[in-house]
Amino acid sequence: MSDFLELKQQCFEANLQLPKLGLVVYTFGNVSVADHTKGVFAIKPSGVSYDSMKAEDMVIVDFENNLVEGRMRPSSDTKTHGYLYRQWPGIGGISHTHATYSVAWAQAQKDIPILGTTHADHLTHDIPCAPPMPDNYIREDYELMTGHQIVDCFNQRKLDYSEVQMILIGNHGPFTWGADAEKAVYNSKILEELARMALLTLQINPQAPRLKEALIEKHHQRKHGKNAYYGQDEGPE
Amino acid sequence: MSDFLELKQQCFEANLQLPKLGLVVYTFGNVSVADHTKGVFAIKPSGVSYDSMKAEDMVIVDFENNLVEGRMRPSSDTKTHGYLYRQWPGIGGISHTHATYSVAWAQAQKDIPILGTTHADHLTHDIPCAPPMPDNYIREDYELMTGHQIVDCFNQRKLDYSEVQMILIGNHGPFTWGADAEKAVYNSKILEELARMALLTLQINPQAPRLKEALIEKHHQRKHGKNAYYGQDEGPE
Amino acid sequence: MSDFLELKQQCFEANLQLPKLGLVVYTFGNVSVADHTKGVFAIKPSGVSYDSMKAEDMVIVDFENNLVEGRMRPSSDTKTHGYLYRQWPGIGGISHTHATYSVAWAQAQKDIPILGTTHADHLTHDIPCAPPMPDNYIREDYELMTGHQIVDCFNQRKLDYSEVQMILIGNHGPFTWGADAEKAVYNSKILEELARMALLTLQINPQAPRLKEALIEKHHQRKHGKNAYYGQDEGPE
Amino acid sequence: MSDFLELKQQCFEANLQLPKLGLVVYTFGNVSVADHTKGVFAIKPSGVSYDSMKAEDMVIVDFENNLVEGRMRPSSDTKTHGYLYRQWPGIGGISHTHATYSVAWAQAQKDIPILGTTHADHLTHDIPCAPPMPDNYIREDYELMTGHQIVDCFNQRKLDYSEVQMILIGNHGPFTWGADAEKAVYNSKILEELARMALLTLQINPQAPRLKEALIEKHHQRKHGKNAYYGQDEGPE
């Protein structure tokens, strides 16, 4: 019997959230969840639809992308996930979607500016859009290099992956992460909402200003400061 | 046994309307309902999801924000609600959401102009957008000052809170209210519809004119005049 | 027992389609259905929500707006319906909504141009937007004058109400009609779709041309010509 | 008993996907599925609503559009389908919708540019928009000439129908196809998603660049190259 029943079950349930939240159609998207103690993660099998998928179809691979357990081929984005778990040991789940508004910003190759408190309740930076992958990366090991592209972007901008739990890949789409798979999926949904709100805001007022510094600071403190007083759980109210 | 069973039940049911009406995701938003005789109000607990919430989780606080009954921490916006109940004794319910189009106008820092009769059936003024909070307010007691921000805006513009039952907080989002919690939530949904209609109208015709004065006057009289003849209930037809 | 059981039932079912088709929220909108032999029509009661409404709540009035049967006040738009049935004896049902995209065009005070075959499958004219009501009309008998506003617009533009079964009232919203209530509601939904498609089309290409004359003519003939060969029923395919 | 029970069933199920996927309302749209061995295809009957339709209502016609079996008139677009099956023997299913964003691009008479990897995962060309039909075609045999319009466009642009499985007809709407009816419908949904993403992308950044050549090439190879490694099935992840 499998040593990874619980990991597969978590992975399965988190993946099922994607169509339920309106973030994917058909086989789009994938979520993984890591067990850093065992050095493995569970991930959605490649090209399987959410309707027909079962918990036992989840594939177990190690952080070097070796197959540990599973009858199906893992998601074609598996190397991206593995690289992020190796580089950022503090994260326990990763989610990737082709959600409409997130993809639109990624295709527009624009950071999503922080325009309000809904954004500030989740992160106090603009949501970064990594520039499209350089040609030599593309020709190399594409999915692995997507991992590099993400980490490079965070390093260049001096962003902390535990503070900013989302990124847009220019031309491609969003990746989000968190302490576990549920939080990673939550961040995919939040990113989609922020992407939609930002687009609409700029349609109403192309000169809409960024959130003022005092408010950014306040929201940061409210959640992360030493006197944080926000929620039994997460999210704006 | 609790003295506030009915108040909690009303509060619970009104809160559940928010996700049902598509106005919130996850833990976003909160509704409260006041009992002015007892000097208390019931409000959603902080950061709890709508799926798992029960009527007995609603928190009872007085208008000075002292906890009266409840096992959970009340919404982080509780001081805003308390301040409004103190200042505006005629209101019995307050609703706060992060609904997409309402937030977009708030982030754009624009009043929503009165462009048609759907708007005039509910209020005969532009929907005010309060300017972002001054820095000294932010550093003081943020949620309490949000209450001040709302009342200041109404005072400066000489608006009557029983006529105009909604406001946008610049950079943040909408607050609405009414005689009870159900009406407050109704106003949140109407505001979202008006916000969406106004955005689309201005996309079709950036020079779309405000509703003409004779129609504003007519709609005002139809509902509030001495010969009002509209509805068994409220809303446009 | 009522002589109008069937008429009320038809009216009730047609009204329930409005929220099901996403064309109204709360108490917005109203549908009526006429019996020209008896000289009466059934219409939604004023301000009653779709959830709680029953078939026996439908109100029967004659074409001069005298109450014939019913315990509730009829829709505040009743005089508009009555005037249209008097002027246009060929119609058997009328539908009025505040559907979002239809209202947006009405508020923008623009005709919806014929941009494609989806439009041409239903009507081969631009969808007319009647100019806002003159002030003297407004001060007179508002809802009755809305009927005049519609008929005036059709007369001035020499439109045939059996060909063009829909109009936008500037600043207000859409009215549609047809041989029966079901067709009137169908036209409300089609108008909303055409309004949405036209807005998106002009966002992609502000210079998008009107449908070419040969195609307009072809689509007109396909449905209305002497060799019409389209459908067991109506609608594009 | 019918020789075409299975073909009708496939056709019926594929047609029912259209309203379920939000691609049609009322009687809009039609899907067909071919049996090239028998030289026939099953298609939706004309003007019948999806709610009331049964599998036995599907109509069997040959590739010259002669009725083979069925009590109802076949879709008014039947000649378009027949012509495509004759010209392109490799396709087994065809889908036609009036989906909103697809129609908007068709009415705008613009190709949908390849702006990201979601697009590249399905096709590595812009989605062609055939110019509106010349007047002499329209006056001839309209639906047959729609087939010519599609094949002409592919020939002029030297596109391969097995690579590019979708087209927009200027002023009209989308046609998609594939190895079977299920794949044809899948492509209708994907086209609608790509149409929506492209519109939003260009609203955020009117100068959004086409996908870079190295990425187009990479995505092409990933699915179609000799070392293709993508999916148990299809679609981006």
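For reference, chains read A, B, C and D in written order, and residue numbers begin at 1 within each chain.
What we mean here is this: a residue touches a chain if its C-beta (ideal position, glycine included) is under 8 Å from a C-beta of that chain, and two chains touch if they have at least 3 such contacts.
Just so it is clear, the structure is predicted and the values come from calculations on it, not from any experiment.
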item: Interface composition of copies chain B and chain C: same or different, split at half; value: different
item: Centre distance in Å when chain A and chain B are each reduced to the mean of their C-alpha atoms; value: 33
item: Centre distance in Å when chain B and chain D are each reduced to the mean of their C-alpha atoms; value: 46
item: Multi-partner residues of chain C (each touching 2 or more other chains); value: 202-203
item: Chain-level touch network, classified as line, ring, star, complete or other; value: ring
item: Sites on chain A touched by chain D in the complex; value: 25-30, 44-49, 72-73, 75-77, 96, 98, 100-101, 103-110, 132-133, 135, 138-139, 142, 171-173, 199, 202-203
item: Residues of chain B that touch chain C when the two form their complex; value: 115-118, 186, 189-190, 193, 196-198, 200-205, 208-209, 211-212, 214-215, 218, 222, 229-237
